[in-house]
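See the structures that follow.
Two complexes, one shared chain (chain A), two partners (chain B, chain C).
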Partner chain A sequence: MEFLNRDIVSIRDFSREELENVFAVARGMEKNGYDATLLNGRRIALLFYEPSTRTRLSFQAAAQSLGAATIWFAGAEGTSVMKGETLKDTIETVANYADAIVIRHPYDGAARWAAEITTRRAAKGEKKVPVINGGDGRNEHPTQTMLDLYTILQSQGRIDGLTIAMVGDLKYGRTCHSLAYALGMYSCRIRLVAPEQLQMPSHVLSYLGSRGIECTQHAAIEEVIGEADILYMTRIQRERFPDENEYNRVRGLYRVTRKTLQSAKPTMRLMHPLPRVDEISVDVDDDARSYYFKQAGNGVPIRAALLAMVLGGIS
Partner chain B sequence: MNVRADGMKNGLIVSPIENGTVIDHLPPGRAVRIAKMLGLTEGAVVIIGQNLRSTKYGKKDLIKVENRFLSDEECSRIALFAPNATVNIIRNSELVEKRKVSIPDVVEGIAICSNANCITNKEPVPTRMVTVSRSPVTIACHYCGYEVKAEDLLLRG
Partner chain C sequence: MGASLLIRGGTVVSPRGMERANVLIKGGKISALTTLSPGADLVIDADALLVLPGVVDPHVHFRQPGMNSEDWVSGSRAAAAGGVTTVLDMPNTSPPTTTLGRLLEKFRLVESSSPSVNYGFHFGATGSNLGELPAIGISSAAPIPTPPGQLVASVKVFMGSSTGDLLVTDIGVLRSFAQEARLISVHAEDESVIMAHASEPDHESRRPISAALTAIRKLLSVGKGGRVYVCHVTSYKEADLASPFYREATPHHLFLTSEMMRRIGAYAKVNPPLRGEQERASLWRALVEGKIDAIGSDHAPHSREAKESTSPPSGVPGVETSLPLMVDASLKGMIRLEDVVRLMSSSPARIFKIRGKGALDPGKDADITLVDPKEERRVDPDALHYKCGWTPYEGIALKGWPVATVLGGSLAYMRGEFYPVRGSAVTYEV
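Let's look at the complex of A and B:
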């Protein structure tokens, strides 16, 4: 399927081959440098209803590297959302100002809805403004997953055949949901480490089952650290818990320290979508296996590749 | 055994109808919910039978509604909660049509996503549910992907 004007809403909307096309474009940009004229005259709206450091800044850096301008808000404060404006009205408006919209929103499914709104506009003769999901509530974060897969490929040379352990908030963590869906396209083993109340949602598990993925659930990092090729840590997200008591019962439950890494393979890579709180001890940062800052850096080539592909700079 | 035009065996306490629809072979306990979903509880003469004897399923529910004939789309909706249901159309006390229901691919507007954080529960967005499995019947929200078993599907109203 063509990438031109395509919405990037769920990782499940993409085939493995399509994802690998994105990685190839990103790799080319990293190797040959960014063409600062590629998206000259194009404008990208960054609508961030929730806090963000890496996603927003890497999209902005990616856009600027290709010559595109950005318009944005960060946080609903200062916008008409505070006056009760619906997402629909905001999207209908911003679609007049921009060639693409990147949205991060607290509600699950908000990106799909935004994409439908710009598709309906296009059906009425307006230009299609592609919508890119920068994280919707507890649902998905597909561009994070693309950069996660890119990072795994970069650090291990392959995804097939690897053992990938995800640790922490698998229930509310959208990065884990999207990553699990994507790994379903590969033949790898998945280890899910979480307390019972934060385990992976059943619909994600049933998807992995339908793909024939060997997937096991665990309560402790120690149960999986020895076999893991990738240890994907996540933050227990206080802001996603409906109940503070539930959060307090699980905060600080998982922590990777130098001692934890003693049992890990020398080739294991430690990843984290960041921000971290206390789940990776700072003294692990200098360990050769720590890969999370390099992972964060990969946000720029991946997002630049996506912008170029959906806006028609690269086919 | 004598079988009347509305598909009911003699001796049951449910009275026959001249014109209308008999929705048969509903799982026990589902009739009221299905009648409500179809808007049958407003105005029309409706007879609901619960926990009736069924040779095929042991127990069943049944709905009879006078002067109301269901569309294909309404039959599809019944299938979500009662995949084995049969819809019998009665005209002039004669059984003129017997339909099996089939599970719809998409259900728009009538359901509520069970995920409280879904955009459809937060803003005025019409719901859209997609059938992702037919055995057991499992429905997913088109927007947030949240899945529920059909029997747990929440309905508007």
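Let's look at the complex of A and C:
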């Protein structure tokens, strides 16, 4: 499918070939530098109904490196209870100001809804304003998944054949669900490390099974650290536990320290979508295997590649 | 009934707008909306709360008589806790509500349950019970307002998906009901299209949107505008095609997609099926463009055992979550609160001509829902009141929950507590 004017709503709208196309463009940009004239005169609206430092700043940085201007707002105040304008009216309005819309919103399905509105607008003769999902509710955050895959590829040179361990809140963590779905397009091994009550939902497991992915569940990082090529850490939230003691016990178990890394391969790479609390102790930051800040940095080339493909017709 | 009640300091929401006002209630009716603070026997402090006309849910299956996945005590409590003050119950019970005698039996059964909300019934059409219509007072020619006749909101016609004699596939029979009844409510999925897709691999493709479109086209050939209510449309296409008619959307088609079948399996099996993200977005478009007239929960609970059996039945519970879902969506900017009130209270009352409901105007029944727009919590099946004990929305965080429900001027529910108030049968302006 053509990328020009395409809405980027769900990672599941993309084939492996299409994703690799995005990665190739991103890689080219990292290698050869950004063409600061590519999107000259284009304007990108960033509608952030929820705060998100990395996603917004990296979209902004990506837009600027290609010469596009950004207009934006950020904050929960966009959803004023009594006097708030509907999301439809905001999108209809902003579509007149911008060539593309990046949206982050608390409503599950808000990005699809915004895309529906701009598509409808295009059917009435206006220009199509593509919508890029910057995270909608618990639903989807496709550019995060793309940058995660890109990071794995970048750090290991491949995804096929790797052993990828995900650790933490696998039950509720949107990042891990999307990543698992995307990894289903590759032939890798997946290790799922979580307390029993936070293990991966069965629908994801049966999907991975249907893709023939070798996938096992574990209670401790130590069980997988020796074989992992990627250790993908996520945060465990306090609210998931009925009492403080249980939370503290679990939190201590799912933590990476220098000691944890002693049994890891030298080529293993440690990832985390950030922000971290204390799942990765700070003294690990200097270890050569720590890759999470580089991962966060990859938000720029991936998002720049998408903007270039969606707005600039690059492929 | 005699006592007066003042709901003080809330924001009153109507389809016309929102205003800070105190609501004075006397003799079970709205007496005045005022900025003054008149004396009253009881005062409810509604500061920072939204004051809505009670939700009229025109589409519930409370399963009695004959089925045990819900009853009128549990169902009506769930309704009251969800901000619903009137429900219209569907006829596909066991036995189905297809004769005057069975209608009266159901009426007595509901009365003896002391329901926590007001209620009315839909009457079931079969291939042979057209002759019952005058007796139940739903005939357009002779709308006899005898007491039994007052119990019927519409004649429900199943064009597909039902069993036994409730299924109406004959176009002649459909035409007769469309002509004879004041209002027909239609499950518009065409049986022949469903049959033609019987060998498809999954529930969604066994009942494609084309089944609904075919059924609506048939209705267009026999039905009149204002006399047909199309239940649970799932997409913009259906809503647009059914433009001459009243159109209902359900919360599950607005908030869930076929992805749920992968997540929770047969618990998400429902007729018409949940559709993809694209159709779901198109249904929202129909909603905000005014192509949906009412929201009905299609509350259709089944036990866990039934849902986990080898041939799981279709239907999901929803009467207690429909308002919280819509308020949450509204607070997130998906739809104006005024429109939520129109779709969930004013319009259903108007479409089914229910006397005294759907507005907080002086003289109307004092059926009122108080919503706290700041209350945020996750949907927890243990905190809901369904007999089936599950919900497809488990774990979803929603903001804006009903905190109190007033029925005929008396407190029926407040923050987890039910009060001994009894709902009564609604009547119709015919």
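Quick note on the criterion: the second predicted complex is superposed on the first by the 290 of 315 C-alpha atoms of A that agree within 3 Å, B and C clash if a C-alpha of one lies under 4 Å from a C-alpha of the other, contacts with A are read in each partner's own complex, and residues count from 1 in each chain.
As a convention for this text, contacts are C-beta pairs under 8 Å (C-beta built on N, C-alpha and C of every residue); 3 or more make two chains touch, one makes a residue touch a chain.
These numbers were taken from a predicted model, which means no experiment stands behind them.
Enquirer: Aligned on chain A, chain B and chain C: do they clash or fit?
Expert: clash
Enquirer: Between chain B and chain C, whom does A:E2 touch in the aligned arrangement: first, second, both, or neither?
Expert: neither
Enquirer: Tell me which of chain B and chain C touches more residues of chain A.
Expert: Tallying touched residues of chain A, the top partner is C.
Enquirer: Which holds for A:E214: it touches chain B only (first), chain C only (second), both, or neither?
Expert: neither
Enquirer: Check the residue A:T90 against both partner chains and state whether it touches chain B (first), chain C (second), both, or neither.
Expert: The second partner, chain C, only.
Enquirer: Tell me which partner A:D285 touches in the superposition: chain B (first), chain C (second), both or neither.
Expert: A:D285: touches no partner chain.
Enquirer: Answer with first, second, both or neither: which of chain B and chain C does A:R120 touch in the superposed model?
Expert: Touch partner of A:R120: chain C, not chain B.
Enquirer: Pick one for A:G109: touches chain B only (first), chain C only (second), both, or neither.
Expert: In the superposition, A:G109 touches chain B and chain C alike.
Enquirer: Chain C: which of 40-48, 202-210, 238-246 or 364-372 bumps into chain B?
Expert: 202-210
Enquirer: In the superposed arrangement, what residues of chain A touch both chain B and chain C?
Expert: Touching chain B in the first complex and chain C in the second, residues 10, 86-88, 105-110, 112-113, 138, 203, 206 of chain A appear in both lists.
Enquirer: Quick one: which bits of chain A touch chain C in the complex? Just the residue numbers, please.
Expert: 9-10, 49, 78-79, 81-82, 84-88, 90, 105-110, 112-113, 115-117, 120, 138, 172, 201, 203, 206-207
Enquirer: List the residues on chain A that touch chain B in their complex, please.
Expert: Against chain B, chain A makes touches at 10, 86-88, 105-110, 112-113, 136-140, 202-203, 206.
Enquirer: For chain B, which residues count as touching chain A in their complex?
Expert: Chain B reaches chain A through residues 113, 115, 117-120, 122-125, 140-147.
Enquirer: Quick check: in the complex, which residue numbers of chain C touch chain A?
Expert: Residues in contact with chain A: 11, 18, 255, 262-264, 277-278, 280-282, 284-285, 288, 329, 331-336, 373, 395-396.
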